[in-house]
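Below are structures written as C-alpha cells.
Here come two complexes built around chain A, the first alongside chain B, the second alongside chain C.
On to the complex of A and B.
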C-alpha cells in the first residue's frame, strides 16, 4: 500500500481538480444551475403527469409564468438599486380595474389608462424613496395600503361594474396562435424581456441602476443625479406591474381586489432565486426569467400532486429556501 | 443641539436628547388618546379595554420584530408564526383542563422560540439574506398552520381569555389586566435588551457585525437569540389572538398583514431598518397608535376605505418628515 501512493494521489488530485473546476465553472455561470433545476422540475412534472410534457401542458405553465415574470421584472429592476416594491401587486390590480373601466373605449385607450395608473403610483413611490429618503419597504407598503383603500372605495363608485376587460385584451392574455401552441402573452413577455435585458446590459441607464445599488455615493460623486435614476426605476417598475395586471385580468377573465395579491411574495422569490441580490448591484433579468419559470413549474407539480394547500405551502417554502441556499453556497465558494 | 455637545449638560438633558424620538411617539399617543376621548360621547373603561386588548398582538409582534431588526435582521415570517401559535393554541386548548391549557401556552411560546431560533441559525450558516430566508419560512409556517387547523375554529379556556382581556368571556372586563399584559412583557424585553450582556450584544451585532466579532462576541449566537426572542413574542401574539377572538384562524392574509404592520410599527417607533438603533419602548407606542387610528377615523365619520388611505398617507408622511429632517441636518452641517 505504501508502495503505490503516488498514482492514487495523482488520480485523486486530478478528480478533485475536476470537481473544483466544475464547481468554479458553475459558480461563474449560475444560470446553468437554474436551467438544470428547471429541466429536472419539468421532467418530474412530466413523470407525475405524462400529459404535462405536451404543448398544452407546457402552455399552461407559460401562461402562469408570464404575469409572474413581468411582476418579478419590477422587483429585479428595483432590487438592483437596493430597493423593493411591495405595492406592485396592488398597482397591477388597480391597473386591471382601470383597464376594465376603459375597455368600452377600445383596447389601446384602455391599456394606456392602465399603464398610467402604474406610472403615477410608481413615480410616487420613487419620489418618496429618492427625494424624501423613505425606506423602500415602508414607502411601498404605505402605497399598497393607499391603493387598496382607494380602489376598494372606487369599486363601489366610479369603477362600479368594471370587472371585465375587452375582448382583444382577453385574446392577448389567454389566447394562443400557431395551432394554439404559443400563447400571445408569452410573446408579450418575451419582447419585454429582450427589451429589459438590452436596457440593463447595454444602456447607460441600466448600468446606472447597477452602479446606484452598488455604491450610491460614488455614483453621486461621479456627477449623476441619483434621485432621477431612482424615480425612473420606480416608475418603470410601476408600468411593468400595470402590464402584468392587465395580462392577469385578461387571463382570469374577471377583475377583483385580490387579483394579483398572491403574486407578491413569488415575485420577490423569483428575482432572488434568479440570483439578483436584495442588497443591490448584483443580478440580472435572465436569471429572474428562469426563477419565474421554476416557480411556475413547481406550482404545477404541487397542483398535480393534489396534496392540499397546507402541504403545498410548506413544500413551496422549503424549495425556495433550498434554492436560495444552494445558490448562495455555490456563488460564495466561487 | 450645540449646547448639548459643549460639555455642561445635565443628566436629564442627555436622557432627553437620546430618547427624543421615543418621547415624541409617546406624546403623540397621549395626544391621540385625549383627542379620541373628546371625539366620542363616552370615553371610559370599555374604550380603554378595547384599545389595549386589541393592540396586544401587534405590540408583541412589533417588539419581536424590533429585537430582530436591532440585531441587524428582518423577519417576514413573524405573521405566519403568529398564525401557527394561534392555531396551535385554539386546536389544543379547546375544552381542556387548566393544567393542559397552561402547558400548551408554555409549549407555544417555547416551541416558536426554538423554531425561529432555527431560522436564525439557517440564516447565519447559509449566507442567504434574512429577508429571503424568512420569506421562505413564512410559507412553511403558514402551511403548517393550515395543516393543523384547516378552517377557522377551535377555542380556549376562559382563564386564557381573562388573562389577556380581563374578562372570562372576552367581552367587557376591567382594563387592569390588558394594560398589565402590555406593560410587563414590554418592560421585560426592554430590560433584557438594554441591561444584560446578551441584549447589548444584539445592538453590537446590529450596528457592526465585523467589529462585534473582533471584539469577541459570538455573532452567530446573538443572531439566533434575537430570532428566538422574536419567535417567543410571535407565540405570545398568537396566544393573545386566541384569547381575544376565542378561535384560531389560519388564513395567510391575516399573517401577511400582521407582518407588514409590525415592520411599519418598528420603523415609526424609531428602530432603524439598518440595525443597531432604536428602543422597544417607542415601538409599543406606535403599535398602539396604529391600532387606535381605526376607531379614531371611524369616530370622525370616515369610512373604512378612506381610513385605509389616510393610514397609508400618514405612515408615508411621517417617514418623509423624518427623511426631510435628516436631509436638512446634512445640508446645515
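On to the complex of A and C.
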C-alpha cells in the first residue's frame, strides 16, 4: 500500500460509486440476490461433502424441493391475497391417504380422488374466509385440526385397506429419467410452476389476487365479487396441496398421518424468502421457487452436519421471523 | 355591554396540514354561561379549531387561554383537565368493548354517567352492550353523557345533532339550557341555523380559516347569518369548460324514487338524464354519503327504489351497480386505489369484474389503458406504484379506471377535494366532455362555487331530504347555501 493519497481517494470514490450502483441494481432485481444465496449454499454443501456436487447429490435436493415448492405455491397464492393456509400439509396428508386407498383402482382414479380431497377442503377454507369472514389463520388452523381428526378416525374405518401407493405414482414421485439424472417429480413441479407464473402474470385472475391483497375495498368498488376471487384461490391452493401430498406419498411409497407435517413452516418460509409479503399484494412465484430450492439445500447442509429434524424446524422458524421482521421494518419506513 | 372575563379564548390561532392551510388566524372568545355557535361553510376550519381546543392537535402558532391564563394542550387529557370536554363528530368509543368498559377507560364515575344517561332518556341502556351493536344516535348520546359527566367548564359539541332524531335533539337543547343555568358554557358547531337562533347567544363565523364575524343571535335572522358566512365570490376555475347546449335531452339514465335509509336519507327522489350533470349540494353530514352508498350498491335502501334506464333494479353489491353501468368515484380516493400496484393495473381492474374474463387479459388492454392515461394526462413518472403519485394524479387514476371499463352513469363524490386548481380544471373539463358524449353524471361537491359552472341542474339535500332543485345556470353560492341550510330561497 504505497500509493499516493490522491489517486487512492479517486479510486475509492469510483469504487464507492460502483458499489452503490451495484447495490441499487440488486435492490431492483431481488431474484439475483436469491440466486447468489442459492449458489453460495450449494458451494458450502459441496465443500462439506464433495459428493453433493454430483448428479445424485443434486437430485436428492430436487426431489426434496419439488413437493416443498408445490406446497409453497399454495402459500404464495394465498399470501398474495393477504391470506395463508395452515391446513395445506394436512390437506396433502389427507389427499395422500385417499390416493393410497384408491390405488388398487388404478393410478388415474387414485390421483383424481386425491385431488378431490384438496378441492373440497380448499373450497371449504375459501367459503369460511370469504363468505363467513373468518380470519384465514383461524379458519385454516381449524381445518387442519378437523382434517387430522377425520383422517385419524377414517384410517380405522372407511379408509382401511391400502396405505401403499401404486407403481406409476411411485415412479413419477421418486423416479428419474435421462440416465437417472432428472426426477419426474421435478418435471411435474416445472410444469406446475410455468402454469402458475402464467396464471399470476398473464391472467385477469392473477391481477385480481394481487389487487385483493393490496386493497380489497378498491376491488369490490371496481365491481369485482371478491368472494369469488378468495374461494377460487383457496380451492386452487387445496388442489396444489393435494398434488404435493401425492408426490410425497409416492416418494416414500407409504402414507402415515405425519407424512407432510414437517413441511408446514418451510412452505411459508419459502414464500417469504422469495419476497412474497405476508400482508398481501406483493410477491410472485418465481421468488418462491428459489426460496424452496434454498431451503432444500439448507436442509441438505443441516443433514450433513448431523443436525436433527428439531433443530431444522428451529432454523426455519428463525428465518421466517427474521424476514417478517425485516418486511415490517420496510413497511414502516415506506 | 358588560365585558365578562372570557372563560375560553384564542388569539391568532393558525394551523396548516402540509401545503393546506386550515386555519389562518382565529380569535375566538367564549364567556362564562353562554352558548356559543361556531359557524362556517365546509372547509372553513371549524373542525380544526375544535381539534386544537380539545388537545387532539396543536396549533402552529397562536395561543389558547382558559380563564385568562395561557394554556398548552399537548394531549387530549390536558384539555379535559383544564375543563374542556369535547364530543367529536365521530363517536370516540372503542367499538368492540362494552359501554361500561369504555367508561372505565376514561376514569369517570359510573353513577354520574348513568344519571346523565337518564337525562337523555337512556336510563335503561344496557351498559354491557357492545358499542358496535348500538345505533349511531345512541352512541352520540353516550358520548355526550360521558362528556357532561366530566363536569367540564366548557362543552365542545361538534355536529352533535347531525345524527340525532328530532326528539333526541330536543333533549340536547334542554341540556344546553340547564347547562347555561349552571353558569357553564357550551360551543355548538352546527349547520342547522334554526338551532343556532334558538339555543345560542352569540355566533362566531369562520371563513377560509379566519373569524370574519361575531354576531349576537338575538339581533339577526337566519338569512343574515347565511350572508355573513358568504365571502367574496370565489374565483371560478372551470369557466372555460362550461358548455351549454343539448344537456339533459336524453333518457333518464338513473332515477331514485323515495330512497330511504334509516333517518339518514329520507324519501329522496330525483333523476339524471344521459348527457346531464346533476349537482348535489349539501352541508356536511346531511346524508349525502349514505345516498351515494345506496346508489353504488354499497348498501341497500330500507325503502324506495333505484331505476336504471327506466327499469327497477336491486343492487345487492357494487358488482350489480357496475353491471348496470352505474359506477362510483368515492370521496376517499384511497378506498379505490391499489397503492402498491402500477397505474396500469389500477386502471385495468374493472375489466376483470366478471368471472368469464378471469382467464386472460384482453388484447386491447394496453391500448385502452394508454388511451385513459393520455385522455386524463396522468403523470406516469412514478407509475410503478400508485402510492407515489400526487393526490391529483391518484384522483385521475380513480376516474380513469371507469374510462377503461366503460360506464353509463358516473357517481362522483367530491372528486376535487384537496386537489390543485390545475387538476380541478382538468377534472371538470373531463366531466363536461363525458356528459357531452352521453354519460349521466351525479356530482356531489363541497365547493359551491363550482356547481353553476359544471352542472346543468342542482338538487339540495338537507337533513336527508331533497329540499330544493335549481337550474345551475341561475344558481348562486348564496342561493345554494341558503337552501342547504334548509331555508326557503327568496325568488
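Everything below uses one rule, namely that the second predicted complex is superposed on the first by the 292 of 334 C-alpha atoms of A that agree within 3 Å, B and C clash if a C-alpha of one lies under 4 Å from a C-alpha of the other, contacts with A are read in each partner's own complex, and residues count from 1 in each chain.
The definition used in the following text is that a residue touches a chain if its C-beta (ideal position, glycine included) is under 8 Å from a C-beta of that chain, and two chains touch if they have at least 3 such contacts.
It should be emphasised that the depicted structure is a prediction, and the values quoted were computed from it without experimental measurement.
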First (chain B), second (chain C), both or neither touched by A:145: first
Touching partner for A:205 - first (chain B), second (chain C), both, neither: second
Which of chain B and chain C A:48 touches, first, second, both or neither: neither
Touching partner for A:56 - first (chain B), second (chain C), both, neither: neither
Chain B versus chain C as contact partner of A:40, first or second or both or neither: neither
First, second, both or neither for A:320, with chain B first and chain C second: first
Comparison of chain B and chain C by chain A residues contacted: B
Shared contact residues on chain A - chain B and chain C: none
Residue ranges of chain A touching chain B (in the complex, touch as defined): 86, 128, 132-135, 137-139, 141-146, 148-150, 152-153, 261, 265, 268-269, 272, 277-279, 308-318, 320-321, 324-325, 328-329, 332
Residues on chain B engaged by chain A in the complex (per definition of touch): 122, 126-129, 131-133, 135-147, 150, 252-253, 260, 263-264, 267, 273, 303, 305-313, 315-316, 319-320, 322-324, 326-327
Residues of chain C that touch chain A when the two form their complex: 296, 298, 317-319, 321-323, 327-328, 330, 334-341, 345, 348-353, 355, 357-361, 401, 405
Residues of chain A that touch chain C when the two form their complex: 202-205, 207-208, 210-211, 214-215, 217-225, 228, 232, 281-282
